[in-house]
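There are structures below to look over.
Next, two complexes with subunit A in common: one pairs it with subunit B, the other with subunit C.
Right after this comes the complex of A and B.
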């Protein structure tokens, strides 16, 4: 039980790398699609809705498999520079995670933007504040505050989601745990250690979000 | 399109049965989850600190650990645990458990943790006056639960339970790692033998979308039924 600890701890680094990179790209994608969702053009609106519907309605495992096994099949892609990225399971996993968390994030941000009272924007406008400044200085800070609890849940879901990287040959925490289980046949001990590491990480995320909620907990 | 033909030439019938298998596992897991929720919701609502702790431990651990890890625990540890229990009764033969049972049990425990949270929230949001009024009227405890609390609770719980159903349905794709032939496993087999992974995994995605779409329609009907009068 103790001898497996250093190996699992080393694998945790990969899990954390996957998590942070996919959250970063996911946040950018989420913000983009949240803005598209609020566009008045029906086609753009429907496209953004379709994106989030498809990615939220299918399992993450299918998405990873399509990107890792499926995209390599397209001959055209193999000749472009994209192939440098797509042949690596590491980047495939990050693309899949980022697209997946992006879909959820866009929903979280959209509902956060929608809860902002129109009066606040009108007040800004009547004070003669430019639209851009209203967006960055009024809408974004309120949206961050509104979406923090839901986004905290999304981070935890994504942390658990990174375990699927082990299905495309990446040795993350779950991948190493599975390897140790299948070589030593001690599932319960390994589960306790690996599960403990995951629990510790979710605990940290939970407390970080709580701290941020307090910090940004201004009255609106 | 000929890849999806029914019969020996295509994968249509195989994928159809795989979809039924996914549905069967999801429903079984959901029911096992309800069973767990039935045990752990009272524990979480209990006034005793120690019982409370057990309930919280269950939901925190299961919701904080990746689903895949739980499945591996059951897949590799399940038969060992059963054999250990059997050996206490003097049975030493090798016991292999069906992948369907292991899988639905693993997913059921995960789904149960989410259902527990939903039921707890629903019961807690029922007005305290309802409990007090039924007590004052001298209604027996179990009748109070079945006739007063449960109908009100269901109305509040159904929207969140539909989320749990979606999570459970999507989690069943993970059982494919244990070899149970559901949508994901069947697509894996088909993709391997035809060397056309893009088509089969995309088709799997369509099947999952169809399942989530149809079940949402069904649940919306239920929601209307239980929110009569509100």
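Right after this comes the complex of A and C.
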């Protein structure tokens, strides 16, 4: 049980890398699609809605399998430059995670944008502030503050979601735990240690969000 | 109220009846994803060499058997947790596994081989046809050296927790980039897609895949046996003990050994092996 600890800690680095890269790309995707969702053009609006509907409506595991094993079956794709990225399980996992968390993030941000009181925007307009500046200086900061609790939840869900990377051969925390079990045949002990590490990471994320909420959130 | 009591009693009785009727039955775990050893047909029924052999052995033992499915990477833990009483899943008898469980005598043996897609630069390696790692000697050493050179920097794919993974991890062929998969199906898929430069498994697993999928999978290098590849495939059973359950496990081992002896003498194992492998893999 104790001898497996250093190996599991080493694998935690991979898990954290997967998590941070997925969250980074996911946030960009989420912001983009949240803005598209609020667009008045029906086609753009429906497209953004369709994206979030599909990725929130299917299991993450299925999404990973489609991107990793599914796209790998398309012979044409293998002759394109895309294969350089899709050949690597690492990038396939990040693409799947980013698209998945991006869908949830877009919904979180959209609802945050919608809760902004129209009076705040009108106040900006009456002061003669350009629309763009109102968006960057008023809407985005308020939306971020509003969405912190829900987004914290999403980070935690994504952290646990990274364990699915082990299904496409990546040696993340869960992957290494399974590997150790395959040589020691001691599933309970090893999974408890791995679970403890996940729990500790969740604890850190939870407290970080709490701290940010206190610092930037609304005191009501 | 009385109705409920009768109903409750009825459920209880039927519960005990199921337990008692199961007392002599043997549960055998298999993977159902490693053809031709064991696999599933289109409607999900378990089929293959070991499924048929298990039924024959149970007939000889005059025991009632049920064959249950279990993912490969949880096979030994599931046996230890008593989800079933015996493993028949193409599991080779190795010293590593014998630390945790025990095996009957081997019933079949089959060599391992590397496979690549046609046109790979690994084709045409200059090695002997087969090497036995237990024998050692200069031929084996030379072949391993050739393999080490050819596989340097390549990605070799294997199913997790197999003798094939153990061999690649042992360092006998240098430090290749080993990628592990949950099932052999997934190994085959990624070999065909080109994510793996080569794959290592039982030779029949690849020829079976090539036959069924029509993909240009070819075997390269020597066939492997002995050493990390173990001593044939046997029935995996929990190690016996002094308590009642331990005694039952010890008896089960004896029964399986006797049944395998009988089945071998009657030519049942050979017949089934030829049917499923295309050659006599019995031992």
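Note that the second predicted complex is superposed on the first by the 217 of 220 C-alpha atoms of A that agree within 3 Å, B and C clash if a C-alpha of one lies under 4 Å from a C-alpha of the other, contacts with A are read in each partner's own complex, and residues count from 1 in each chain.
The rule is short, and it goes like this: contacts are C-beta pairs under 8 Å (C-beta built on N, C-alpha and C of every residue); 3 or more make two chains touch, one makes a residue touch a chain.
Remember, it's a predicted structure, so these values are computed and weren't measured experimentally.
After overlaying the two complexes on the shared chain, residue contacts for A:183 are found with subunit C alone; subunit B is out of touch. Of the two partner chains placed by the overlay, only subunit C lies in contact with A:78; subunit B stays clear of it. Of the two partner chains, subunit C is the only one touched by A:87; subunit B is not.
Of the two partner chains placed by superposition, only subunit B is touched by A:174; subunit C is not. Shared-chain residue A:69: touches subunit B and subunit C both.
In the superposed model, A:160 lies in contact with subunit B only, and not with subunit C.
The partner of subunit A that touches more of its residues, comparing subunit B with subunit C, is B. When both complexes are overlaid on chain A, the residue A:131 reaches neither subunit B nor subunit C. Shared contact residues of subunit A, touching subunit B in one structure and subunit C in the other: 69, 72-73, 167, 178, 181-182, 185, 187.
Partner subunit C is touched in their complex by these residues of subunit A: 69, 72-73, 78, 83, 87, 89, 167, 169, 178-179, 181-183, 185-187. Residue ranges of subunit C in contact with subunit A, taken from their complex: 73-74, 76-77, 80, 96, 100, 157, 160-161, 165, 179-182, 186, 189-190, 193-195. Contact residues of subunit A toward subunit B in the complex are 53-54, 57-63, 65-66, 69-74, 156, 159-164, 166-167, 174, 177-178, 181-182, 185, 187-188, 191, 194-195, 198-199, 202-203.
Of all residues in subunit B, only 60-61, 63-69, 72-73, 76-77, 80, 166, 170-171, 173-174, 176-177, 184, 187-188, 191, 195-198, 201-202, 204-205, 208-209, 212-213 touch subunit A in the complex they form.
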